[in-house]
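Read the structure below first, then the notes.
Read from first to last, the chains carry the letters A, B, C, D, E and F; within each, the first residue is number 1.
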Amino acid sequence: MGGLQRPMPRLSHYDDRGRARMVDVSAKPRTARQATASVLVRMKARTRRAAESNPKGDPLEIARIAGIAAAKRTAELIPLCHPLPLTNVDVQADFCREGVAITSTVRAAGPTGVEMEALTSAAVAALTVYDMLKALDRGIEITDLRLLEKSGGKSGTYRAPHSRAGRS
Amino acid sequence: MGGLQRPMPRLSHYDDRGRARMVDVSAKPRTARQATASVLVRMKARTRRAAESNPKGDPLEIARIAGIAAAKRTAELIPLCHPLPLTNVDVQADFCREGVAITSTVRAAGPTGVEMEALTSAAVAALTVYDMLKALDRGIEITDLRLLEKSGGKSGTYRAPHSRAGRS
Amino acid sequence: MGGLQRPMPRLSHYDDRGRARMVDVSAKPRTARQATASVLVRMKARTRRAAESNPKGDPLEIARIAGIAAAKRTAELIPLCHPLPLTNVDVQADFCREGVAITSTVRAAGPTGVEMEALTSAAVAALTVYDMLKALDRGIEITDLRLLEKSGGKSGTYRAPHSRAGRS
Amino acid sequence: MGGLQRPMPRLSHYDDRGRARMVDVSAKPRTARQATASVLVRMKARTRRAAESNPKGDPLEIARIAGIAAAKRTAELIPLCHPLPLTNVDVQADFCREGVAITSTVRAAGPTGVEMEALTSAAVAALTVYDMLKALDRGIEITDLRLLEKSGGKSGTYRAPHSRAGRS
Amino acid sequence: MGGLQRPMPRLSHYDDRGRARMVDVSAKPRTARQATASVLVRMKARTRRAAESNPKGDPLEIARIAGIAAAKRTAELIPLCHPLPLTNVDVQADFCREGVAITSTVRAAGPTGVEMEALTSAAVAALTVYDMLKALDRGIEITDLRLLEKSGGKSGTYRAPHSRAGRS
Amino acid sequence: MGGLQRPMPRLSHYDDRGRARMVDVSAKPRTARQATASVLVRMKARTRRAAESNPKGDPLEIARIAGIAAAKRTAELIPLCHPLPLTNVDVQADFCREGVAITSTVRAAGPTGVEMEALTSAAVAALTVYDMLKALDRGIEITDLRLLEKSGGKSGTYRAPHSRAGRS
């Protein structure tokens, strides 16, 4: 915990007077950006089986569509987020041992990254799964929403140290 | 796991042909509805301290506002969710040992519950915390998003069996 | 063409000065409203077969979800339309001889009807079908968008004289 | 109908597992794009005359504004559509023998086309005409919504084989 | 300045900890609400004449439509505002000696007032006038945006002491 | 008033038939754009003191967040405005002698200016101040909303002749 010795990092979302601000990306070049986020919708085995055995429709398809649509609306939901013309949103949702595993990958060419778009997309896909299954089990949990990796931009590539996705 | 013996529960969000549908609440009376959801934004102690020591602004205030605004847009994000004229949204966000603990309570008078509004509100507040702190630590996790309780409507009151809120 | 003899009907969406206005429904009681609209997405048989034979996904499912979501946003799209808390949106989309036949039924309890919600929902579902199939055939047409029936309110029940839906 | 002999065309909106996806346009260059769509709002002559003789306001002006606004929101309505910063939307609405003829032309510089924006814009303009005249005639039909032409991008220029616009 | 002697009024939008909150209107009855706001778009006489002499279109018609549409989106723009199903929005925009005078009257049946809807509607109508005339004169000012009157609810009727509307 | 002698300026937002249109910016290059708008929320000294002395929260912080969010939605509110991917929105709100002084600066790289974004952002921030203080005083006025300066694009830099901001 030697962190206290290092100088306290500064919050880029705050100005000198300590007020929240959007980060100014006017001077940054447009480069290819990509980010992937994952989330787990944890549910009882019984609930998962009911969802899996739905005779014809695929309950995860609606979650995927909702996740794609949400990525496009990230800047409306997250106050200090920049609007970006996304070039791709790819949401995967699959049944796994613990419930439903979701990943969302977002791409854009822009002056700032798309981490928030990937996280928002995954979150809304997970909320949609909850919505469709809540009549079966209100105790479903949405958990481990995290950034798996991002690339592009000056700060370069980030990769999460130990991905839960690998466990399921 | 004797659950298999019981008849498989039916997904109310699917029609007889197995296709996704909105639940028809036309015949349900308008009654007072309330739901509370909670979520944890888990971060390193160092990150939390940087956020807490921000000289003047309160980084959690923006998260709370984003959570309130998101509750009002739930029906735009969750495809099969009903639009409801909300009468209150109360988002609390507090630093805790593990990072930031958020709860959102939503109220409305309507023919259906407000669980999705509470969960969406908490999720977007948590995403906003992530957005504001991500320059410090991209490994922040949003976890344990769950319904704490709901009341109103025919299905009555639900209370989560063991609330994480109690632990923090 | 004896219509000219009858007094010219008045446009309720215009005031005495000839300016567009929202119809004031403040004094109207909240009653149960329902409306059904239909539309045909006409395409070449070859295009329809390609869509039908898509190995796993159901291309019409996304159209249905888009139609449900659009119903909820009608008042944002149609300037003089009243916002209404909808209680149900049911979109059906099926392959037919000429392409894809879509119907949307919308219900609400409110002081005005939901015809625009049903028509908007059907239109957006049809546009979504076009979007998904346009790479195969840009000549797909969206046609015969019409109100099949409405009920509720002072003006009572309307039923379209000869429904195209019956023909397909 | 020798179409069956040719290999079945592939739906670009579906991945290898048959699941709906956004088309990834990340690698495509930004080029000038244009698309024009048309639609007919078919009504009784009596209804058209009532609309035309409205003393001062122009009932088609509101339809045009609604069509322009809708073009900008296409990516919110059509789930797999990319958001694009449009550079022009031009909606024309004119009384014709059969009712009201609408065309919408949309332009943008982007990695993908603006067909959906033109079609959505024309559709919402037509729905707005319906909304304003529905008190006169609920049997008004919106018909022949189609792409007249598009240009720009790798697939080049498309022109509809025989334009209904030419007929009216 | 004897105001200091009176107890400091409490901000209803803040809770006991001094944090912003939505006012809880869950227990309030739904009653008829109405509010009227006005605003002046002040411009040079030369600019006003150019706008007035526009050969065919009425530049104020678009401002009116924008004002009506904005009223319906007030709760999306004003963070702590409650969503309400409006029953009427009536925007008037007229040339006056100083430029363009706008009033907006909004009505709803709900548990809280519609002042913010009237003010937001008038503001957006004024901004739209600015947008349409800004190429002529970037010095146009939007001024005197205020509540003229409100009625309904427990706090009863409010009427502005000396209305600018009376002066123009 | 020799203005009458000069040829009447033409409204760029109108076509040859006098109909409203979006200005076509397809051929314009993307350049760095910036605009700053200011507005005054005028209130009684007593109201300002109550707002200033709010024990913990800063009532102006929510106004600032609302102003940032509104800038991003300008093209949804102003019908003929082009959507632009903004790179920065900076809203300042400070108590002044007359009440609250707000300025908003918006930046983007695009084919057209961001004046409307700056004005809309300032207006919504001011409306949010009104919303939070209206229980204290319904007579609060929003006044002197104007463009302070803009830069970028072919028309070059504009600076308001005598800025009210300088007075407060």
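Everything below uses one rule, namely that a residue touches a chain if its C-beta (ideal position, glycine included) is under 8 Å from a C-beta of that chain, and two chains touch if they have at least 3 such contacts.
Because the structure is a prediction, the values reported are computed rather than measured.
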item: Co-neighbours of chain F and chain D - touch as defined; value: A, E
item: Option in C-D, A-D or A-C whose residue-number contact pairs overlap D-F by over half; value: A-D
item: Between chain E and chain A, distance of the C-alpha-averaged centres to the nearest whole Å; value: 38
item: Centre-to-centre distance between chain C and chain B (centres being mean Cα positions), rounded to whole Å; value: 33
item: Averaged-CA centre spacing for the pair chain F and chain E, given as whole angstrom; value: 16
item: Residues of chain A whose C-beta touches two or more other chains; value: 19-20, 57, 61-62, 65-66, 69, 73, 76, 79-80, 85
item: Contact graph of the chains (line, ring, star, complete, other); value: other
item: Residues of chain F defined as touching chain A within the complex; value: 32, 61, 64-65, 68-69, 72-73, 85-90, 107-109
item: Footprint of chain E on chain F - complex, ascending; value: 1, 3-4, 8-14, 17-20, 39, 44-47, 49-51, 53-57, 59, 61-62, 65-66, 69-70, 73, 76-81, 115-116, 119-120, 123-124, 126-128, 130-136, 138-147, 150, 158, 160-161
item: Interface residues, chain F side, partner chain D - complex; value: 19-26, 28, 75-76, 79-80, 82-85, 110-111
item: Chain E - residues contacting chain D, complex; value: 57-58, 61-62, 65-66, 69
